[in-house]
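As written, the chain order gives the labels A, B, C and D, with residue 1 at the start of each chain.
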């Protein structure tokens, strides 16, 4: 397995494809944005004039697109990629999309004799560049086994969540929980500060107690408590509020489709969306801390 | 410091006092419940006919009472214990009460020349018996230093959260956050299960990802995922729903007193209270998992 | 306009079609349920062997189906009804469906030269039988004018909410608000009762004050306050909890599609769904009152 | 009953006292603010050098103070007004305070032989000036009967909610419900607008349907829909956000004291408080509409 077709050279896909090039794979990519293709060629990649051309000769295909509709449009239909891909060619879709879409595309792939996994990632642009992403995979064990050499080039942790679509479900559940614990941590820290506590001391107490969670461990939302996190850099970079809103939207869709009651996740979606509407969509999601604070200007 | 006066031999206070006895202290206790006193004497303790008698001769005083009003009634007023305690005697109040009450009693203690700390605990009855409680302390550094030998007999971890009342604030913040992450974890697990995922697999994925938190680490709420936790024992024992409701009530009081916005903590209080009203007040708080599930009988 | 094709003889559609028969129209109906067709014939209606047969000769078509997918399947596609209906024939869809679906079908109708309105109703089975429904209409003014004689046979109030799909949007917004004011009223009444107030007295005070709303006016959720409402009849009949859950699902879909923040509506969806999961899906939605009450058995 | 002692000449108390003067009563007032006393004298009132002097000779006493602590401080204690008031003198407290405080003061009044009612108002500064306030009364029927001539001078509607404290409870419940229906109405209108509906048309549809409520009737939160309401005047005047936050705080206290689950009221408190923290505490509470809207500057 030497030749890879890669579709989607955005903020995440670009560095992922480059890491495959660096590992010695021959990667032929397609993207609608000309400059992304040019940059990829400069970094040692090949470019193709269309998605079909990028995959026609490939041993494996990787795609990284913004949303369900792009993935469905890419693979399905009379002119979809599943018609162009050779049966038996491994397909890895790393886009974060609705589980229903992932299942639909996977079913079509199965009909076409194409082994496919959904493998959404966490870890952000930094993880994509460093090759330390986490992949949460749905699909057959055999397909995952074939995919592992590629995934291990682009990431550090690989979880097998279950059958087709399960990668998407697990990512959605995780990110919904992340929104809840981040918002809950921000709220608890603010309550402490409003009572006169030092946020660093309170963070340390809760981190080692039953309030312990990922945010207190590595991503404290209160400015000045932790170095090298977005909260200590005016919430620049990181995982953007509007991306969290997008993922919470996927969670709500999934809750509607399965008649699931999600009071906490629904509330964080409303809070994050209100936060975004006040002009904070383009900063890190730990900025929900400021939602709880008095402000002269926002 | 050999002689300890101990007030309050309940589910928590009883084993805490016994651990002091076992460590070689002479502990004279008072409680309103005759049988608690008898049991304490059987385990090597002394009993006193009143709270004042229990502390009159003591080098240090420990109290463990249900609520703010009991602590205020014990220490304050013309016949309060602060009149009976010798100036300079160390006082440790381990009750979980309102920060405002803790500050009020601490101020009165200071006026009476009595060094006092608020030192609420976490760890439950199991931790009280095993001597592995966590103490979250508010008060002067010097008083905490004097208290440490006693706290180390009764517990394993000691955190200094700040000035008088800060122990209560930190505990309240921690437990509010705990209620949020437990409810959020239960909700996320249920969403995954409703989508066909295995709760054990999903738990493991989220535990190692950005959804990681104390509940996934040591107290998984989904039955069968983890051994030796309440969820795998029909939610018997553990930290009772009604105690969480009590602590969330203290958090809400504190939020009101400090004009703090607590959408997440307010919501979990409403959910836990609704859960309690349907007959679940006396089981473990991780049973909030069942709130998200269909039920024939409740 | 004498001949009507009617698709969907369910709990709502059945009596609506019968009212058209009583008003002198020749109504030819189709339904997948044989007994519904037999009953309709007994009440003076005509039956057709298929939906296409029901409408082939009609001056106007009325449909009343459960959900978006049924409406889309009925009208769209190569074998859809829009191919069978004569251009110029008025179509009234009274189903409650997603605005996006309503717009899609309306656009297809326009292409086929078929004037169409979306006209979801409120008023329940009782209103359908009595011919006192409220129609909330989206579509062209001209189409609404043609439809009025029919709508006035089946209902009492007709609102024109805007262009195609606007009837669905307005109904969804109204029912989301209804869920909020019903739940808020129940919560406020319970808080008063828990403080010792008489629910009838409190209801009257709030009804005449700034808390006044439809629930206090005609549909009080507290048992015994008002006669002839579901709360005084063990919450039997009325507007079922599961139908409110369905409508709140449509509201959430619409909120997702338009990036709308809906903290209140999201919360009531979660509460109503939790209420349903405990076995209350088949009783009136004012039973949310019991969510706030202690219960031995549920 | 000709001579009235009046305590508290604030924004509400000032015009209430003036209306009593205009009706022919001899009103002797006390306030801590000198300018309020001077203005009152200009409008025909008498001033007293202390609260005790204001009531020593009175046939009836009216008080209008900011919060529980002020009312308790005024009436209770060795130097409290209940010691200065002649037994049998009617006392009307129109402050909005905690029911627990109202009951405590009423019990002390009863012990002192002083008939007392709690009579909080709604209607705002406009209603106070116009003499069109609504009084919600708790206390004995006989005391209310004596009070009616005075209340009818200052207000238009009088409700008897129950025993001592019931006036406060009913007002708190009403205002909690008001916050819920105002927020729910704003959210529903925004969802409609985001879907392309005209807010005026949607308001009219919901007003006449099951979403009908006081906000849609007389206090529409969407700018431009209704004339002469705060939303059409940049949310100036009206009932301030921070006063709603205060009343919701009383509701939460009462919910805590009675173990009541209030998910909706808790959520609106959090939303209103967040709204206030972003600089909107001093504008009308219907401005919660803007919480749901995109904003360049806030």
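Simple rule for what comes next: a residue touches a chain if its C-beta (ideal position, glycine included) is under 8 Å from a C-beta of that chain, and two chains touch if they have at least 3 such contacts.
Keep in mind that what you see is a predicted model, and the values were worked out from it rather than measured.
In summary, the chains found to touch both chain A and chain D are B, C. In a homomeric contact, the two copies may use the same or different surfaces; for chain C and chain D, over half of the interface residue numbers are shared, pointing to the same surface. Chain centres here are C-alpha means, and the one lying farthest from chain B is C. Annotation: 39 Å between the Cα-based centres of chain A and chain B.
Computed centre separation for the pair chain B/chain C is 50 angstrom, with centres defined by C-alpha atoms.
Among all residues of chain C, those that touch two or more other chains are 259-263, 267, 271, 274, 277, 291-292. Within the complex formed with chain C, the residues of chain B that make contact are 267, 274, 277-279, 291-298. Chain contact summary for the complex, chain C toward chain D: residues 99, 122, 134, 136, 157, 159-163, 165-166, 169-170, 172-178, 180-181, 183-185, 187-192, 194-198, 201-202, 204-206, 208-214, 217, 219, 251, 254-255, 258-265, 267-268, 271, 291-292.
Partner chain C is touched in their complex by these residues of chain A: 245, 249, 252-253, 256, 259-263, 266-267, 269-271, 273-274, 277.
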